[in-house]
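In what comes next, chain A is part of two complexes: it sits with chain B in the first one and with chain C in the second one.
Right after this comes the complex of A and B.
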């Protein structure tokens, strides 16, 4: 790329400037173009990031002066039963929501990849819930699931799957199940499109060769599609797991953390500490731990899937 | 892919016809499942309020009314106010994201300057850190800058969250513009700025649309940051208003009005996606697969 750019005249200018250690006009122009984006990132991302570390070492109320307490917040964290409950719940939710998303997305991707007339229309239909907000979709599902005015129970009754009425969001198991259903509905299209893109990138010739050798549909799926789809699956898995680990909207709106604080996720617990109890130093410490978890999570996943690929 | 052999070539036999019909049945059933919640919410929003709140729920509306929308307008400072908030923040986010990403994309693609690689990496790396984990200090910064509970304040935050994607997309867009075009314009005495504006902008327009549609959807749909930074009732964004309706801030939950709100909230996203689908998918596959 560099060689393309450096016409002789410019190279000479550049070398002269390097000796003077002064940026050329053209270099200044480049800096000028990226400056606004860099400033925004520094001011509203890098500085808050560094502040998180600083704040986590303080008792930091909303009003009044913060006081340095060293590892105090982390000691609190280690003994904070709600934090460990939240972490356990978040992991459990992530483990429960990921498989249905992937299995369904894979089947859907296979379906919408069929060379049928009008298949694009169906692809769009399955994708539509992805573009609406998680807040709006959670509110939509609160109503769908409502035991008195929602259509969900009525439909189940008509199908003879339910008698009487069920307050889905009232108890832990049914609430978790209902939220998983709503999240699968909302996000499966995203994974479907990622997998579909990966499938379409696999050369047709490989399938044709396998067919000549008499491989069945399932055989081709198992020995060609799945192995060649690994990188795509890895990417989709990382995105999906991280998304689930950061869950907030659906629990804040649909269960409000209940019943008995059992559905408070990690982000929800950070939110409560920082913005309900205004223990902002503690909120910052929790945030850092969350950050750490996510970094480990994505590295672990990439490593695992990478090994499988080379295997 | 593999199904080519199943469905193309040779004439249709009975078996093929039946299997194809069955497949369409599967496709249609799935579409019904995916679209039912949205459709039913829209239908409920135009029911007379008594039918929208009926126990057990009724079927199709006996007549179509806008009453639920009018009732939604009675909450808090009026739905219009919250719509205005959401629209302004979204427009500011889209415009800001496009301007900043285009400038930075141009700079990173076409110029060399000190610390270029490091600066580019810094912007992209923010993608790996969840914004949820920096909201606590961000709240303090916005309060200090007197930007908390202001529409531009929220837009600034949203723009920053959009930058890694936007800058990445725009850098790639500029990378595809042929050098010859640029050199010809420079020979004609074009300055860097007018080169960007007159020659390159039309070529990178697809990238701009992609960055813009993601900026809009994220700003329009975002919940957590808006919940934290806009805690004054008159400054709520639309999703926060709807949550307040649901939590009973304005009295018993009005299910018809809530569905009117949900409809208002989801239709712009869906319409935007349907119209600009091509650019949206480009961003999804190109952006994420390469990143």
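Right after this comes the complex of A and C.
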């Protein structure tokens, strides 16, 4: 992408003209090499996407016969209070969960990047929750938070921080807090590894030069690590934001969208419409709107964070 | 890369694909068949024992798949949409209209009419299994909601265990007396985050008081009925006065019965299944069964349970019907249902030698006979959806105390959902 953008316009024109001639043997080989990727994208992205668009134009029950309704689903969507509430909640959740994941991951990455003995052990420990399935980890947290048998309440009571029992998932604030903690625990290792890879890719010579000039640790962090890490930070943030926007499992398992339907995310609402209310067509329309929203959001994020790097 | 080897590889891949296809083609069905039977897991014990008994005596085999109750309809809908329905299925009677209307069940009117005991089959099951004059399922098991109470706690609280409550005031008084027994003992329980549980146990309180949430032909919502408000106020009072445990707030049904097993709950709405479970697994708990009462008296019940039917894509519809006929026979109804304290689905067998030994089963069978069942194509969306208007109303009213607002919201959402099917 980078190279294409920088190429002078005439080269692009030449390239386009060349496409009309018979492809050379060398170009055929090239095509052959990209064929698996193209097939894969076509089969698992383009075709399902086209099918989703087609479905979204129908009243398409999970069981029964579809009928064409044009933009009907999109009209419903515009007036669907729960969708807009869910979108608002999902944005709120993303805004709340992204900073702790990122800041904690950054600090952890700095720590496990130190040349200490046994640091590998810590790297592994922080990464372990990432390999647990989200469903399994959510169930684990349901038990941890249980007001009668869960260890959290017992510990809090023994520390005299809690009288009686606290039903964590019973009210909106504590439920959201509990889910955010569980998600940070679950995903921080992944962001940490991403940032760590970026940090290790920064040439040591730059740090050495800065040290010769008398730059402090914080100075090096601010003027070398952070700027040179920007592409990695962009990647980590985009992945984290997309992940949060698509949140479903933890809410489905831990709160079932409750209390009072306050924790229904957009994907949860898509799931409910498609598989509980059997409205596949409407679910498709919701998915497409969410996808459009995510594409715009990711483009904005990348534009803000992914500028050219100059040494 | 060499040309030949590339071609050879492609041919090899194609050969493997063809071989896989050839293997998956159905072989000729002369020998005994295996009938795939799906059921929700709440009926696990009954379903498994039926399948075992059938398999031991028949050539055709029943292969049971149990699916968690809360996921059942989603799983089934997805399987049908994927073109892979089971050959036979048990389904909450409440969903039969929806699946029949979508053309997903085989009409069995003629086969059923040939059954000698057809006229004795549970009337509410038959009514729900009828769609536009066709019959699409038969009764499989029966459930009726009742009030379950702990006789030991009644005695300790100085109440007469043989005189259970007959109206809301008496439930409230008993709950106060039992809650006073200790900090960890509560007078009343309900699963506050379980939509279906509360259709089963809360609706009868309204019905018994002369109220209803849907009009006669289920075309309009009537949540503004004063008895709906009264019932919500009744629960709200017990909640604010601490007569229910805090866990009620988040129980999505997982502790529907286990809360009672602890022996620390005085009363709760439950069903026939709790009798067999309690008798078999918790013989130490001395429990009683009575009807769910109305505000000033009167009784009602939710007549539930599963119906059994043959999906439209079943591979073995005839063999599947043989199993249905066997399940409904005298011997199976008495020896496999009544003997294990499950309600028979034939009214002529409601009184039997096994039930005479336990009056609690008779009470439950009577509740079944007077029970009601809403008939709606959008039942799931109205009542059973964890994020639906029914549960939202109960939570907002009971836990937040916003009773009028809760009712207004639910009335509006019920109306919107019901309008979708009437277009």
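Simple rule for what comes next: the second predicted complex is superposed on the first by the 259 of 311 C-alpha atoms of A that agree within 3 Å, B and C clash if a C-alpha of one lies under 4 Å from a C-alpha of the other, contacts with A are read in each partner's own complex, and residues count from 1 in each chain.
Simple rule for what comes next: a contact is a pair of C-beta atoms (placed from the backbone, for glycine too) under 8 Å apart; a residue touches a chain by one contact, two chains touch by 3 or more.
Remember, it's a predicted structure, so these values are computed and weren't measured experimentally.
Contacts of A:116 after superposition: chain B is touched, whereas chain C is not reached.
Within the superposed three-chain model, A:148 lies in touch with chain B and with chain C [touch as defined at top]. Contacts of A:258 after superposition on the shared chain: chain C is touched, whereas chain B is not.
Contacts of A:267 after superposition: chain B is touched, whereas chain C is not reached. More residues of chain A lie in touch with B than with the remaining chain of the pair chain B and chain C.
Looking at the shared chain after the overlay, A:220 reaches chain B, while chain C stays out of its contact range. Legend: residue contacts after superposition of the two complexes on their common chain; A:277 is shown touching chain C, with no touch to chain B. Within the superposed three-chain model, A:61 lies in touch with chain C and out of touch with chain B [touch as defined at top].
When the two complexes are overlaid on their common chain A, residue A:169 makes contact with chain C while staying clear of chain B.
Residues 148, 256, 275, 280 of chain A are contacted both by chain B in one complex and by chain C in the other.
Residues 73-74, 77-78, 80-81, 99, 101-104, 193, 246-247, 249-250, 252, 380-381, 385-387, 392, 395-396, 399-400 of chain C are the ones that touch chain A when the two sit in their complex. Those residues of chain A that touch chain C in the complex are listed here as 61-65, 147-148, 165, 167, 169-170, 256-261, 264, 272, 275-278, 280. Those residues of chain B that touch chain A in the complex are listed here as 1-8, 20, 23-24, 26-28, 30-31, 33-35, 37-38, 40-41, 44, 52-57, 99-101, 103-104, 106-108, 110-114, 116, 119-120, 122-123, 126, 128-130, 132-141, 156-157, 159-160, 163, 167, 179, 192, 217, 220-224, 227-228, 239, 242-243, 246-247, 255, 258-259, 261-262, 265-266, 269-270, 272-274, 277, 280-281, 284-285, 288-289. Taken together, the chain A residues at the contact with chain B in this complex read 2, 4-5, 14, 23, 26-34, 36-38, 40-41, 43-49, 51-52, 55, 108, 111, 113-116, 119, 122, 124-129, 131-137, 139-144, 146, 148-151, 153-154, 185, 189-190, 193-194, 197, 199-200, 202, 204, 207, 211, 217, 220-221, 225, 232, 235, 239, 242, 246, 248-249, 252-253, 256, 267, 270-271, 274-275, 280, 283-284, 287-288, 290-291, 294-295, 298.
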